[in-house]
Structures are given as structure tokens and as C-alpha cells.
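In this document, chain identifiers A, B, C and D correspond to the written order of the chains, with residue numbering beginning at 1 in each.
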Amino acid sequence: MFFASDNWAGAHPAINERLSKESTRFAAAYGTSDLDRSIEQRFNEIFEKEVAVFFVATGTAANSLSLASIARPGGLTFCHTEAHVIEDECGAPDFFSGMRMVGVEGPAGKMLPENLLERIARYPQDAVHHGRAAAVTMTQATEVGTIYTLDEIDTISKIAKDNGLPLHMDGARFANALVSLGCTPAEMTWKRGVDVLSFGGTKNGCWCAEAIVFFDPQLAKDFAFLRKRTAQLFSKSRFIAAQFEAYLKDDLWLGLASHANAMAERLRVGFGSLNSARLAWDTESNEVFAVLPKASAKAATEQGARFYDWLEPRDMPEKVGKDEALIRMVTSFATTEEDVDQFLSICASA
Amino acid sequence: MFFASDNWAGAHPAINERLSKESTRFAAAYGTSDLDRSIEQRFNEIFEKEVAVFFVATGTAANSLSLASIARPGGLTFCHTEAHVIEDECGAPDFFSGMRMVGVEGPAGKMLPENLLERIARYPQDAVHHGRAAAVTMTQATEVGTIYTLDEIDTISKIAKDNGLPLHMDGARFANALVSLGCTPAEMTWKRGVDVLSFGGTKNGCWCAEAIVFFDPQLAKDFAFLRKRTAQLFSKSRFIAAQFEAYLKDDLWLGLASHANAMAERLRVGFGSLNSARLAWDTESNEVFAVLPKASAKAATEQGARFYDWLEPRDMPEKVGKDEALIRMVTSFATTEEDVDQFLSICASA
Amino acid sequence: MFFASDNWAGAHPAINERLSKESTRFAAAYGTSDLDRSIEQRFNEIFEKEVAVFFVATGTAANSLSLASIARPGGLTFCHTEAHVIEDECGAPDFFSGMRMVGVEGPAGKMLPENLLERIARYPQDAVHHGRAAAVTMTQATEVGTIYTLDEIDTISKIAKDNGLPLHMDGARFANALVSLGCTPAEMTWKRGVDVLSFGGTKNGCWCAEAIVFFDPQLAKDFAFLRKRTAQLFSKSRFIAAQFEAYLKDDLWLGLASHANAMAERLRVGFGSLNSARLAWDTESNEVFAVLPKASAKAATEQGARFYDWLEPRDMPEKVGKDEALIRMVTSFATTEEDVDQFLSICASA
Amino acid sequence: MFFASDNWAGAHPAINERLSKESTRFAAAYGTSDLDRSIEQRFNEIFEKEVAVFFVATGTAANSLSLASIARPGGLTFCHTEAHVIEDECGAPDFFSGMRMVGVEGPAGKMLPENLLERIARYPQDAVHHGRAAAVTMTQATEVGTIYTLDEIDTISKIAKDNGLPLHMDGARFANALVSLGCTPAEMTWKRGVDVLSFGGTKNGCWCAEAIVFFDPQLAKDFAFLRKRTAQLFSKSRFIAAQFEAYLKDDLWLGLASHANAMAERLRVGFGSLNSARLAWDTESNEVFAVLPKASAKAATEQGARFYDWLEPRDMPEKVGKDEALIRMVTSFATTEEDVDQFLSICASA
């Protein structure tokens, strides 16, 4: 019953097998091998467009270097108030990009368009003292597991474009969002105006596979230097490429995400049938935020379940009671129905 | 015949097997798992001392964050003029540490003690304009494959200590140096006054395993934040730990390095028996720098050999002739005697 | 009728005269002259304590370097949501200190203690992902011209101390706050737990005189390097010292601030007698925020008055009407009663 | 006998008078006043071209922000090994620009063109590991008081242009160089290919007046943000403008520099008539580097003379003897013939 995070899971056998195969040969280092090249081609296919792709070590690196590549001196990046870039990356986005992250409020982990507009308006292009609006970043799926619909992406994107701001998408859980929406990668990104994407594979079955995808390769012209200067260029880069090869082959990645989402849905349905639990937000991908009796949470923990207590946000419609706990549960490719059912059964008994 | 770099090799089967095993289970993320902990213990044993160990993504990260952890505002770090930190890391050490790298000359990739002394003397502790001496870093094995003897480390270390400067060792090829000297890890490091070590596993059989070792854990007190802020904290950190577990088990790492060194020695001996070739520097670890007829280099390349042309340094005792090439050949755990012999045979024929 | 800002004023004659005198002689550069030394002594007297004093070029530099001197890797600085450091310095505090500014809400420009407590609690000392609480900065007088009482400073200071955080005070308008409270410099700073102070002279009659005062000289041990590295060390530093000498002589600075405050009070009283105007916040120093009919503001502008339209904050108790303008008026040592009365008379007529 | 540096002098009476006049009025802050604007026009006239001009607080800021404005990620800036940007600014150029300074050797403070070429060739535009050539900076007059001839500037400039690198000139002693060459400001700068200039007034009679001049205003498009973010935007900016107005009026600046140079020439001639002294480098502007008997230097010091001992450079053609001192003497607008003659007389007697 490991629901603490999808990054507690291991690696999928197919990915593991591909890594093993890769380990037996020699190849050029620093991202210049034939395999590195072929994966770049694979990304072109997946996104139906010529893109520029670069591997980095972590999701934090993907976000921070994405923002660095579109940064402007004195620039501000707008993100949701609870976004990973502002609250969970220890200032790496600021350090790498030289920009300040400006929180934009909105319910259920999503920036409210009117709030975004209002914030951008405070930082016009000649605002030497305040700093100037320079980029917008949105998280898909969000920190609380919700999903921007395609229309909502359009709206955010239009605001960004109207203000001359590039749009970044933090896709640490890109696949989970994609299968939830049931659209193509292109439809969820560049066709809606996304300029740069953090494309995460680690949480969905790789052990370390994060990429930055530039939909306008021109934006990537300095990227090789930005990456090296932040110590993010792997010498044996092809081992990242190998993971992506297996991950993207025969839609493995979509299958893994679908499974994770289904396990979250199973949790959601299970909680729905319990009188004692309710959901803090809609379950739209592979995260479930439940409000439970503390006794249930305790019982589950004692029987081996792992999950995180979550800080109650200010805008919770129904407050968390004194005897209740707000917990986050994350499912992954490796979550089993048995895990889910056991957890629910504990809650039902407690 | 892949002699371009030791990072062109894949990963050793034992390491690969350990990774496969790790992939099947769940475990806590971000370096907090039981496995991460047990590897820290393993480092204590290897270094015969309680150390603080942290994994990072690349050798550049290891060096840059090592220096960041001992940095002082307005500080200068002294390194050899051809050191990786000054010439091959695209300014990452400067960016992460805020310090300037100051080159110290010396033959065969090693800082000459009198030059180091002279440079340090130029930057006393109150030199607000010039900047102040803040750290010394030495590379073991060096960029040209030579080794500081234990006495030479003592000499450098004494200069550093006399001037109140912490000493860092770039051990991207630590194992190769260690087996070359035939001493213990402790004898090559903290027993000689090394304070922080970049401990590299990637070039010697791992696919991605770099660690920073602090011999005084107090130096590491801010390290967790420095690492996260530079996007170097792996979520599935335990896959690094797993590599190190296999790498350090039953002295595998020493065996791999011994093999690589032996292959370099075989090259050296082979070149010695050719009239047409000579060595630019002594072969002391797993790198061979040979001056060959251009015709030989060309013939080898045409038959599939891979190696790098090397920029002739100013202090070459015997100049490289017009019809000659200075090449760098690096051997690894995966280099075979057949590769070596085939290369030598081509040279003999050309 | 120049009410745009106190930095639109020139320089006081006494300061000007002292500068002229200074211009005729030779003296050691970079802050090492006898005059520089004697001013440091003067600060000791004023603050009744041995302090460390350093001059910098701008108020932004004073704040940014103050924070840099108390920064910790991955650190967060708590400030009011509208503080200069977060909204008006184009990211200089973040760039110089490497820290992120975290806004704390509170009415009338002052952090509400419970909000500060709540924010600090979110960032404990082991919060590698979120970043850790590292400093608190308060602005005295605030951005909207209000003043923290001595008790309020105590409260903020206690929260900081309880959490092990150093406390910085942005005193761009230090003198205005001081004469408003009627206490001594010591009572408003270190006796309440302030560790570092940005001591501004520019807005109060100097043309360029900003200092950083460390109440614990130990905090300043790296400061000379931080300052030089940010290009803030004047070669002819003694011309700053000369300004401070005249500024601090015979309580000139207190007299200038008293005058400015009195002019603001005259405005406040004048607005009080107008039916058409009201104040957005209490007038406690040299800033008046008035809500006027747009017609009045327009008439004043047409007759030569200068002031800034102010962005209506979210927490305005009484909203600004459609036909109203929220304006900021700042008085200075150079503001005359005639200017004030003329402005009020225009408003009365309009 | 103050020969320690030209920044030990005070301010010229005309400049002082202009400052006094400025102090009595109100004007818009942050560089937006009528006076700020009019000085920008004055720079256009002086340089016979529409330029973009920005004031900053120090010469270090002028250099560092000039380089920041032309920086590229992973970029390297080439400068003389003894240049101010690499040896005397505590890393500010690196910090502000994110670039590494690479020393280029050459006699008498000037980069040797062949050395510059060789260094640039080591860092081609795709050198992700080494970093890429990004800018060239030359100091005019140099750190040892010599002057690049117009032809020499052409040569350096051509190398820069051939390699696609912008050219910066550190003109901390611009006026001294200009009158030495007897050419126009345009001829010494943009007509030879200089793109950005640090234009110094402080060492030549202002108390604080440093400007950055962009000969292609397009290069300055982000400059306002770069400057604010480094805390270099003066609120009462017009006091810098006022100094420049007086400085540039009726060729005052050229007269002051001519005087300083003449005083250096007087020293040179004086030393020439002494058997006991010789010059380390030609005296071409307002700096004289003399090798004297230690006894003479000691006698002068005892009688009140101030100057700096200079570190003997490696390439001194004639070594400094055991009983000799290499000293630097800098003259300024405020140096008198009496000072010079008294110094020489002491040397003659000692």
C-alpha cells in the first residue's frame, strides 16, 4: 500500500530490459549517440512536429531550465500559488532562470484566468522597478491531481499570447493528464500554444527520464550551454534515451498512465461508498486527496500504508474537522487493485 | 576500438543486475530509503571514517557542488590550468559556487607547488578587489592521466592548510588513481588532508553514479539545500545507491579500474615497441597520450578506432611534428586486449 | 507641488556645503579615509553600540546586501506582500542573496503576526523541497507610510527570534519613522532585536547616502566581499561619508524628517476638512494616501502638482469609487507649507 | 604628494558648483528628469552618433553590466591577464554577466593579437564543455598606463569581429587615453568597432560619474532591467547627470586629462634625468611605473608621499633588483607641479 508518491515505485520491466541491453555496448557520450538521435526523432513523431528535445536529470531541472531558456532580465514567471516551481523546488527555477515566480490563485490547483490577467497587468513591459511579466507556467496534471481541460489551456494560452509571454507546461505527470483528457500530445501542447514542455517519465515507470521539449527549436538555441552550465548533461546520456525508447514504444507510457489513473479512480469510487470519507478535489488523474477520520488514517498506517498528510489549503470549501485528516494518495503503474482494496477495507473497518 | 573516453563504455553486468533487482520494489524517494542509508554506511567502511555522502547526477555537479559547499564570498579556487573545473564544465563550478577558478601551471597536468604558493600569495584574505584565496582543488587522476603521488598530495595539502584553505579532490577517475598508487581510499584522501571528494563511478562501470564525500560532515550542513536548489536531487535516488552497492561490493570497483589501467599499460608497452610513436606523458592510470604519425591515426580511424585529437599544450617538451598527431586514448573496464592489440597492429602497419 | 516622491527633492544646503568642502582635498579611496572612519564612530554614538557600517549606492543595494549577508542556501525571506524588496527592486534581493521573498499579508502595509507565524511554519529547517525560513524583513516606515509601533516591532522580532531567524529592517524612511515614534534609534532597532538595518539618507535630504548597519559586527565578516562583488564599493566613498557627517550633525536628519512629517500631517488635516476626500491609511510619517474625486486630482495635475496614482489594494476597507482616484503624496524636507496649501485649495475648489 | 591613485583626488570646482546648483530644485527620479535626458543628447554630440547612455555607481558596475548586456550562456570574455575585470573587481563581472574572464597575455598591459587569436580558437561556438567565446574587452588606458594605438584597436577589433564577438572598452581612464592619442571619441571607439564603452568620469575630476555607452542602442534593450536588478539605478540620478554636464562642458574633461597626463610626463622626464631610476613601461597617460632605490621610495614616503608598491610582473624585461622598488604613481587633475618636483627632488637627494 505505497501511496506516498508515484516516485516510490520502481521501474517497469520493459524499461529495465532496455537498459540492460544498452549496457553491453559502446556509444558516443554526452547525447551524441545514434540512440540519442533516434529518440529525438521519436519525439517528433509523438508530437507530430519537429521539436527540439533535451534530457535532464530531474523534474526540477526540466522546469528550471525550461524557464531559463525563455527568461528575460528582470522577468517574472506566473504560476499557480501551489505550483511545484514555486513551492517544491527550493528556488531552483529562480536560480537557473534569474526570474521570480509569482503565485496566481485559483481553486483546485488551477490558475483562475481573471487572477492571471490581473497579475500580469501589474507588471507591464516597462516596469523596471516591479519587474516585467516574462512567462507563464502551468502544471498538467496539477499538484492536486486535477486537469486543465483543453478549453482551459486555450484560455490560459490566449492570455499569455496576448501579453507576449511564452507558455511553459510542467508535465511531470504529462501522461496521466493526457490519458485523462483522451487527446493527442499535440492537442494538449503546441496546438494550444504551449512553447516549452517538461516531459516527465520518472513518475510513470522510468527510473530517471526527464526531457525538455521545445516546440519552436529556435527557443533552444542556447540550451546546450544552459544545461551544461547547470551540470545537467549526462555523459552516458543514452541510458536516458534507452528508457524513453522503451517508454514510448507501443504506447507503453499511455498504458502505464491509464493503469495509474484507473487505480486512483478505484480509490475514488471506494471512498465514495464510505460514509466517513470525502474528497478534497475531484480525482482526475492519479492523485486522490481524501478527508478521512484520523482513526482510519492511523489504522492504515499501522497496517503498512504509506501516504502524506497534506496541508489544508485556505480555500477548502468544507473545512477539515478536528478528528479528520487530509491525506494525499498517489497511484502509479505499480499500484495493484489489491493495494487499493486493502486500503479501502481498512477504512471501512476503522 | 573505442578509446574516445571511458564514458563511451556501457555498464558492468553486476551493476546492471543490481539495478534490475531494484526496479521491482517500492521505496522512499529523495534519498531517504533504507538502501540509500545502507550505502552511506558502506562509504564509512571504505573510507574508515564517518563521512557524509550525497549523490548527484554528473561529475560536473559533483565538482561544482563540492566547491559551492566550501565557497566564500569573493573567493577564488586554485586548480591546474587544464583542470576539468576550469576548462570542461562550462562555468558550472563558477555558477554554483560563486567563485572564480584560478589556473595554476605545472607539467603533466599537476599543479607545481611553487606556482600554487605564488598564486595564493597574490590573493590574501583582505584582498577585497582581487578576491581572496578560498579553496584548492586537485584532480586525481589528472586530465592527462598522471597521478599525484602521496607525497605530492601531502605537499599540496600542506600549502592549502597553511593558508587556511579547504582541499577538494576531483576523483572522476578516483579508482584508477587508487589502484595505480596501491594505497587505501583513506590514505589518498582525508589522511592527506582532503576535505571534500568528488567520487566518480560513471567512468568506471556504472551508468550514472557520482557522489560527493565530505570527510568532515560539518561541511555538509547546507548541502541538502545546495543540491536541491541546483536540481540535483534524484527522486528515485536509490537507483544510484543500487549502482554503488554493486560497484563497491567485493571490490568490484578496484577490479574494474585495474583492468582499465592494465589496458592502458598494454597500449603504452605497445607504443614503446613502435619506432614511430612516443608518449606525451607517462601512462599512470587509464589514459594514454601518444604522438603518432598522422597516417597511423588516419588508418586506425578508418578501421573503426575512436579517440580524440588533443590540443598540444604549450609545455610539451618535444613538439608535435607537422606529420604527427597528438591523440588521447582512454581505456575502461570494457576495453579488451583484442581492441588494444588491433590498434597497435594498425599502427605498426601504417 | 512635487509630491511624487521624497526622492524628487534635491539635497539640503548643509549637506551640499559639506560636499563642497570635501571636494578640495585628497584622501584615501574605497572607504579607508579618516573621514570614513570618523563616520563609523558617529554611527556608534547614534546607535549607542558598536556597530559595523557600510555605504552602498542605493536603497535597493542596502536591502539586497543586507539580506545577502544573512542568507542561507535554500533560504526564504518573509516580508510584507507589498514590501519594496518583493515588489519594487526588480529581483535584486533575490539575485544578491539567492533567497526567495515570501509575501506575508497584513493591513496597512504591516505584516500581521499570525500570518507571519503561519508562513514560517510552512518552511521548517529541514524543508529541502519547499526551502527553509531564513530571515524576516520589515519596512519602517512601511510602503504606505504607516509605522510599526515599538510593541509591534517586539512582536515581529519575537517571532523571528523564536524561529532562529535574523531580522532586517528596511529603513529607507528610517528618520521619518523615528521622529514619528519619538524614540531613540537604539530603541527602534537592536533593543527590539533588529540585526541589520538599511539606513537611508537619500530620501531625507542627501543626494546619495545609504548605509547598512550591522548591530552584530560578526554578521558583517564577509560583507566587504559581498559589496565589492556587487559593484557597490565607491572609490570616492568619503563623499558618502561627508553627506552622512552633515546629515547626522546637530540632529539635522531628525529636523528634516520632522519637517517632512509635519507637511504630511498638514495634508492630512487639510483632507479631513474636505468632504470630498478621505484617507486610505492613517498618515503616520511623510506619506499621505488620499481618495479624491478624479476631478480634483486632474485639476491639481493641470496646475502643476505631481503625485502617483496608486494601485488599489485588495484589502481596502472602503472601495475606491468609479469617479475617485487613490493617490500617493510624499512630502520631504523640501516641501513647503505653500505647496501643501495650494494643493488643498485646488481640491477644495474642484 | 598623493600619487596613490587618481581616485584619491576630490572633485573639480566646476563640477562641484554644478552639483550645488542642482541641489536646490525638484526633479523626476530614476533617470527620467529633463537633465538626464539632456545629458544623453550631449553624449550623442560627443560621440557623433546616436548612442544609448546609462549611469551606474562605479567603474566595476560599468564593466560588469557592459559585459552582462552582451553576455551569452556559457560565454567567455577575453581580457588582458592583468585587466581590471579579471583581477580587481572581486568577480563582479562574472557574477553580473554569468561569463568567465579568460586572461590573454601581452606585454605592457596590452593583449597580444596572436595570443588573443589563439585563445579564441580554443573556444569555438559549439564548445559546450569548454564554453564559447562571447566577448572581448580591452582597457584604454591600460592598467599600466599604456595606450592601444588606433591601429592596435583596429587589430583587436578585427579579431573580435571576425569571430562574431562584441567588443567592450573599459574606459575608466578614457579621457587620459583620448588626449594622449589626440583623436576624437568616435575615432577611439565605434569607428574602430567598439560596441560598448565604460565611460569613466570619477578618476578625472568627478566624485561619482560612470556611464555605459552603447554604440548600438539595440544592445541596450534589456539594460534598464539589468541595472535595476543589480541595484545600480540611482533615485537621484540627475546628480550624476549634473556632474557629467559640467564635466563635458567646454571640454573641461579633456583639459583635466591633459593636465594629469602632463604631470605624469613631468615625472617621466624627471626620472629620466636621475641615474638611479628607470621606468617599467612607457608613460603614455597619467600613470608612471618607476623602479627606484628602496631608499628613495622610503624617503619619499617619510616625507608624505603616497603611492603603491607594484607586484613585479613575470615579463619585466629588466628585473627589479633586491634594493629596488617598483612603484606605481598616478597623477590627476589635482596633481600640482610642486608635488611632482618635490617628489623628484627627494629621489635626487636620497
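Basically, a contact is a pair of C-beta atoms (placed from the backbone, for glycine too) under 8 Å apart; a residue touches a chain by one contact, two chains touch by 3 or more.
Chains and their UniProt names: A, B, C, D = L-threonine aldolase.
Note that the structure is predicted; figures quoted are calculated from it, not measured.
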TODO: Decide which interface, C-D or A-D, involves more C-beta pairs in contact, and give its chain pair.
DONE: C-D
Open item on the list: Measuring between Cα centroids, which chain is at the maximum distance from subunit D (L-threonine aldolase)?
Closed with: A
TODO: Averaged over CA atoms, how far is the centre of subunit C (L-threonine aldolase) from the centre of subunit D (L-threonine aldolase)? Could you give it in whole Å?
DONE: 35
- [ ] Between subunit B (L-threonine aldolase) and subunit D (L-threonine aldolase), tell me the centre distance in angstrom, where each centre is the average of that chain's C-alpha atoms.
- [x] 41
TODO: Please report how many Å separate the Cα centroid of subunit A (L-threonine aldolase) from that of subunit D (L-threonine aldolase), as a whole number.
DONE: 51
- [ ] For subunit B (L-threonine aldolase), jot down the residues that touch at least 2 other chains.
- [x] 30, 74, 89-91, 95, 98, 128-129, 131, 225, 228-229, 233
TODO: Would you pull the subunit C (L-threonine aldolase) residues touching subunit A (L-threonine aldolase) in the complex into a rising list?
DONE: 74, 87-91, 94-95, 98-101, 122, 128-131, 311
TODO: Note which residues of subunit B (L-threonine aldolase) are touching subunit A (L-threonine aldolase) in the complex, please.
DONE: 2, 4-5, 7-13, 15-16, 19-20, 22-30, 56-61, 64-65, 89-92, 95-96, 202-203, 207-208, 225, 228-236, 239, 334
Task: Touch list for subunit C (L-threonine aldolase) against partner subunit B (L-threonine aldolase), complex - done: 30, 72-75, 98, 126, 128-129, 131-132, 222, 224-226, 228-229, 233
